[in-house]
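For reference, chains read A, B, C and D in written order, and residue numbers begin at 1 within each chain.
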């Protein structure tokens, strides 16, 4: 079987991880690395002598044998690079946020559809064994109907100059949420926050209401003395605490809650359940390795994309609505 | 010196703690216990044989020698009991929430002022060594200007039939906040929440904005699988994590933050401070013991009330605004 | 059915807990409290007006209708008080350590046997829901053959004048160990420790070897800056971490270990198991309530004593051997 | 100034870390990498194109311009490789354990002395910012006289075929202990342990007594369900808890203890101190980077070796005595 050939564009912070993961896939030819920096190209050529490193993106587009391009450049360049790649007939995997605006994202989705090409967005968390397990538990109805999703992602972080903390951090929680709930069901978005040092909001709360009754809250901050990565997910049948700072015991499943039946029959004395807690053993596979393989399987039609362009677009839309809510200081109804 | 005489009204959940603490004060005569239940009166008479236990509140009012009444009954009865006590010339210490409505609270404040009587509200947390220490650090400018106050008070709790989770739990965080910031400076109140089992909101977020730039967020829930009592308080000079579930190391002071001066001179590369963490040794005195003694000192004029009727009234007003925000689904400007 | 009548002797630190627990048992008449202090007797009479409080132990012995005596006095008095009680025909429940010497303990065991009376020793931990659950797991072979028991019980504690830290603290771990392993199988006892402030060892390690291969280690100290109460219990099939400082999640059951079969077939590449962790829900019943009820059931012959005089004696023997090992600085073979 | 030239021998588990750290030192020429595996040589040549990779150790010895050799091969080869290096006039940095036997170690120490060459042993922990800070606190008398050192290093670890758990894990704790106490003052060594799966002890306790009164205890195990890396170090004036599994807050300094003066004047009521806890900010420098630089500074005579051949030899002697104690089942007096 013919190997698929892949190029990685953008070799700064995240791109090298893609180089490493695609290079170790057997059914993949890591054909190009591409970056504007000559030094980076030289450096990675030493590590991957079988790959061509170039500063010219056109080289990739012109190569008829190249199957796919992974875009790991700054967000502002995503649209033009992805558009060119799709027009050249390449499948695309793109960092999140997918684009700077939903208008751009929409065009990419339409273009990929028209060209019958795969367009995936890199929601890394969706490929971790933690989130995969949580998504299974939700899908298998082991949590029951979801009541709330409450995520805290705070630390003393670098204050970004060109974006607020929601686009920087809440996007991860939205990617997780996207794996377990249908973001199309969101009816209302409300954000509140404050900027104490720079121009953009540094400490922010995002509230989402779903038509199903699910309520989501995401707290993100660059101004916390402690690093917290904790998500509580509660259903009527069980509840989960997902702590991503734990080295191995990341998920705890609580057999806790209120017995809905007794709530109906005897609303004044419902029964509370407080059973065992289970900390499931999780595979220690690297999310990017799973994701790289999945991208190839999507191209060959063996798997359906877990995180499509539509999924990526949805996050951009939510963040745009969050910005609107921040500006108008009231909830945005979708 | 004449001992002050005190009566405790309401011997259900909290009243017995007042019995125990006032009975152990040397300069205090625990003269009455009062409860509608005959059994409770009989039970506590055995424990406090020198105290008169009665089901008739009038007995307390008629006793000219009685100096003060502590009201620990359900909220709905606070107003009428406190009003009668003040009219009978008794000093009053009243459980929080002070009254069911701010209109009632306002009347009590006015009445106490007119009668020149002490009217205190039991913000128990204000008397803990943890909150006392935090308040000192704030007052002594050791935190610098406050940036945010972020509190989480969640657990699998009894769903109240007649009130929402903010009146049940957020009131504690407001009492803490009241000890370290001026609640008169609040400019905007926003609440959001959901009711999954009963009629009242069971999981809620309260956002407060202050004219000083301080932002407060309080998350309370009866539907959490884990019990969390954690408050982050950040200033420009230092930050605090206050975890009330810790048996002894409740407060951590972080020498962390962003150097504001470098932020001004070189906004693109501010310096981050990350110094030592200090866990101060705290006295293990019981908050109620401190508070009981303080109440007596206020009556004799030796101390100024830490938590006055005005303070208690302010909390009721905030909770009323929170209810209004919940109902209208937008922020309330004060 | 006739109620059993019980007396509590020694109303200092632990005795009041017995008063409270026996007084709340329906099928029990808490007939006497006994203490040398007149003040204590007066104080507890107010709390338990239906009980006779006396300073004269003889009154208890003479009362033909009294069924049982609980001895909660200092250790040095245990032997004479228990001996007199048994001779007077009373069933006895005695604090641990049962006696100051094994010679005394042996006499009590013989006397109880001769008089056909119940002689129980208060190994409180044996009645906690945590230890009860662990004992069940061991008994049901869910842990497989036991490999080791490793317990740490350290804190900044009051340095005792008349005893070393093993008699003060390790006795609790021995009581726990006694509930899950047969202490008759101990073949060797070794203790080591140091005294930095007083005359007796303040920081000590106790090592026990069992004929089954089980190895036990108990670390106790009065000189630790932190309070630790942690016990690891490993079997070939599963392992337990029991942390008694946890408010609710005291036991964690780890499906972890080495696959013995692969160890045999391929000793150079055994398989390691690393499965789920389960934190079982435990009842929150008070150990002393369970124990008080059990004592009565033993007297009426409905239950067999969980912790007999022989069990209590075994702990005294181990602690005597530990002292011998400390003195001789080498292991003691049993 | 002339750059020092360095060779790394053994490119398996640890050697690559030395390649990375020496290659990034400015005043160092990473001249050789050496390993018996041709594949490894080829792989690292790609990463370090300016370094010669060879399978022949003789090449290093013959090169008159080579200054120093770092030995990161299996322990059994340490002696012959180091001996040859010293005889060829090279300075040597050698992994721990320094040699398989103290006799070998002694010869290396003598040879280095005779040839006036640096012989360092890689006690990595001695160069961490955690241990460096603890050593400073001890040296500056901020802890006061040391009372005990108690270290736990347990996890579910690979059972070694050719050595016991003390040589594998306790050696790290001995390296830490070596940085804060004089191991020459050890008067007695006692070890106890058990082998449940293989031929060598898998779970062991090592007890050391010092002439100063300091008592050390090290617990190591390959059979623990949880990973613990915790060291308690207590002095008369302050105490430390060092938890190496913490990502950043590794050291806590407790102002806790017993007031020795009151202990003398009033032995029955000594005063207990329980002051603040301080978690010092630590540099996040990599220990190996510090150590690599230090090795070069020792060669040029600018620094005195922190961990000399004598220090490494001392650890081998202690482990030999521990083995002897395990075999004879009694303490070994030095």
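In this section, a contact is a pair of C-beta atoms (placed from the backbone, for glycine too) under 8 Å apart; a residue touches a chain by one contact, two chains touch by 3 or more.
As the structure is a prediction and not an experimental result, all values here were calculated from the model.
Looking at which of B-D and A-D shares more C-beta pairs in contact, the answer is the pair B-D. When each chain is reduced to the average of its Cα atoms, C sits farthest from chain A. Rounded to a whole number, the gap between the C-alpha centres of chain C and chain D is 41 angstrom.
Measuring from the averaged C-alpha position of chain B to that of chain D gives a distance of 53 Å.
In whole angstrom, the spacing between the mean C-alpha positions of chain A and chain D is 42.
Chain contacts: chain D has residues 274 touching two or more partner chains. Of all residues in chain B, only 147-148, 150, 156, 159, 161, 190, 192-194, 196-198, 203, 205, 207, 209, 213, 215, 217, 219, 223-226, 232, 234, 236, 239-241, 254, 256-258, 260, 263, 267-268, 270, 272, 274, 329-331 touch chain A in the complex they form. Remark: chain D residues 249, 252, 255, 274-281 touch chain B in the complex. The touching residues of chain D, when paired with chain A in their complex, are 46-47, 49, 245, 247.
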